[in-house]
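As written, the chains take the letters A, B, C and D, and residue 1 is the first residue of each chain.
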Amino acid sequence: MSVQPETFKSLLKAAAEQVIASAPELTSLDQAIGDGDHGTNMKRGFEAVLGKLDAISAQPLNEAFKAIGKTLVMTVGGASGPLYGSFFLAAGEALSQDKHLPDDLADVFGSGVDAVSARGRSQAGEKTMLDVLVPVLETLKAGAGQPDLIARVRITAAEAVERTVPMQATKGRASFLGARSVGHVDPGARSSCVLLHAVCAGLEARQ
Amino acid sequence: MSVQPETFKSLLKAAAEQVIASAPELTSLDQAIGDGDHGTNMKRGFEAVLGKLDAISAQPLNEAFKAIGKTLVMTVGGASGPLYGSFFLAAGEALSQDKHLPDDLADVFGSGVDAVSARGRSQAGEKTMLDVLVPVLETLKAGAGQPDLIARVRITAAEAVERTVPMQATKGRASFLGARSVGHVDPGARSSCVLLHAVCAGLEARQ
Amino acid sequence: MTDTVGIVIVSHSRDIAKGTADMVRQMVGSEVKVAFCGGNPDGGLGTSVPLIIDAINDAWSSKGVAVLVDLGGAETNSEMAVEMLEPARRDLVVVCNAPIVEGAVMAATEAAGGSSLAQVRAVAEELSAD
Amino acid sequence: MTDTVGIVIVSHSRDIAKGTADMVRQMVGSEVKVAFCGGNPDGGLGTSVPLIIDAINDAWSSKGVAVLVDLGGAETNSEMAVEMLEPARRDLVVVCNAPIVEGAVMAATEAAGGSSLAQVRAVAEELSAD
């Protein structure tokens, strides 16, 4: 089993479009505990991805992932650019080694998560995108091969976003607010969830 | 004995003109161990003083000194502005209390020196204007009433400027250069000397 | 608005002062009064006591004003400016020993939370080595 | 010229980056190569990896390049930019943990004296609390 180029392309398109559609929400979350640019940053990055959709999707999966990563790195303009960029670059690198999709999904995703953590010098619990990415990785590991994996990922991501609300930020701009960062959703956690939900929805539609 | 308004005015005019004439030299000294603006700073300040020469000189001596100080503070634009400004403000304040010129010259000058030291959180030996002002104060104290006082002040100031050459700066921008500040005259030491020499020359011409 | 500490940014460069104010406003919007100045009285690199006095009065708040400065002359001129304020205001202004850009963003973010002048200053000064 | 460490200034604000470069040049003239960038790829507040890469290459010196940044995203994007340089250059670039304005002036002044990249970095980082 392998991922068909057409499937990949439609999932990537859906994910990009969902993030772009969520830009106002992401920006308003970032206004509360940051500098209010996460939506415009992600929109800029994923519009650039959409602009290269055909070229990206035409490549082997490993190269496609790296191209997404590089595009985000070069266009996002905020901390989230190198963070998401490193996720995709590392996932592409894993696929360049001995990993394959969908079989090694948890490993490939895990490479991406590790790269975010290394780039951000951060880990789960600091009120960042990692607070969605890490629990989703756990779900992928635990649920590999299970028929309800997509639904589980969906729920994990949604719940993980909510669990950032009571957290106090210790990384990124929200950390400047100290205790006042408590009580708000982390913007990057939310954008991770948007991306994951778009992929889940795309996969469900194909089942 | 007291200082005549005409004498004061001509000394102030001479001092201002001398500093203005020395601007290129002061700037080039500051280029070597600072940001190269000491000449233009002092020129701006003393041109403003010259512009108010009549009004300043028409006031009682204490108010005249304060007016010089305030003018320098408001116009110089570098660290030397509040430093020289504080000198004249404090000297004027001493004259507002029980001090008189020329009898209490050392005390009045001393008030000025103390104000520079307080404003700059600095003392002699740090390669600043204080390395001229402090030795001159000592000469004024030791030589009060002596007939060759003017000549001694002249020599003290000139030698004090030279003694800044081997010093390493620990205050002001020159301190950024660390050991490389050694081997250069301090610009503020030189401008203090220019001012003092102009006053000395003016007084000698009247003797 | 007047129940948050005001922020004043004093740089040798008007560009730096303006850019720092932009970054501050991006973080705190209009929750905090921010004023800035830069340049000597002729507009070259340097600082100007009258412009600093104006900026402090523009950012005035009953909770006080925290002034962020870059290098030596900006600090000396800012301290001089504070002393030239009307007596009732002097004790409510602090010149922070903090980096100008990072300090201003942190100070303003802290001020937006309603913190006292001492707290705002402490947050900014935590960034500095001495 | 190429025997002094180069200085790159990366701010969220182009105004801050430009003003900082002005202050640096006032201190060191043309003894040190200085390049700067600021703003996201659309020109708003933020940083841009391609602009950072260009700035590093513009300030290139065989002694290396010290990069001064303001807040989080500028640091993350600068570290990313360094990794995207050609391999031979990567190890000769450091992103300093130092305040942008004060750090750039101090780093450039140190660089002008012919100091090594490690020394330039150390002087800038002395200013920082962590």
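Definition applied: a contact is a pair of C-beta atoms (placed from the backbone, for glycine too) under 8 Å apart; a residue touches a chain by one contact, two chains touch by 3 or more.
Bear in mind that the values here come from a model prediction, so they are computed numbers and not experimental data.
Student: Higher C-beta contact count, B-C or B-D?
Tutor: Of B-C and B-D, more C-beta pairs in contact link B-C.
Student: Among the chains, which has its CA centre at the largest distance from chain C's?
Tutor: The chain farthest from chain C, judged by C-alpha centres, is A.
Student: Calculate how many whole Å lie between the centre of chain A and the centre of chain B, each centre taken as the average of the chain's C-alpha atoms.
Tutor: Chain centres of chain A and chain B, defined by C-alpha means, are spaced 64 Å apart.
Student: Averaged over CA atoms, how far is the centre of chain B from the centre of chain C? Could you give it in whole Å?
Tutor: Inter-chain centre distance comes to 30 Å.
Student: Taking each chain's centre as the mean position of its Cα atoms, how many Å separate chain C from chain D?
Tutor: 25
Student: Please work out the Cα centroid separation of chain B and chain D, and write it as a whole number of Å.
Tutor: So the centre of chain B lies 39 Å away from the centre of chain D.
Student: Two or more other chains touching the same residue: where does that happen in chain D?
Tutor: Touching at least two other chains: 23, 26, 45, 71, 105.
Student: Would you give the residues of chain A that are in contact with at least 2 other chains, written as numbers and ranges?
Tutor: 35, 37, 173
Student: Contact residues on chain A for chain D in the complex?
Tutor: Contact set of chain A toward chain D: 35, 37, 40-41, 44, 73-79, 81-83, 85-86, 119-120, 172-173.
Student: Along chain B, where are the residues that touch chain D in the complex?
Tutor: It comes out as residues 31, 34-37, 173, 176-178, 180.
Student: Taking the complex as given, what residues does chain D use to touch chain C?
Tutor: 11-20, 22-23, 26, 38, 45, 70-71, 99-103, 105, 126-129
Student: Taking the complex as given, what residues does chain D use to touch chain B?
Tutor: 23, 26-27, 29, 105-106, 109-110, 113
Student: In their complex, what parts of chain D are in touch with chain A?
Tutor: That would be residues 40-42, 44-50, 71-73, 76-77, 79-80, 84 of chain D.
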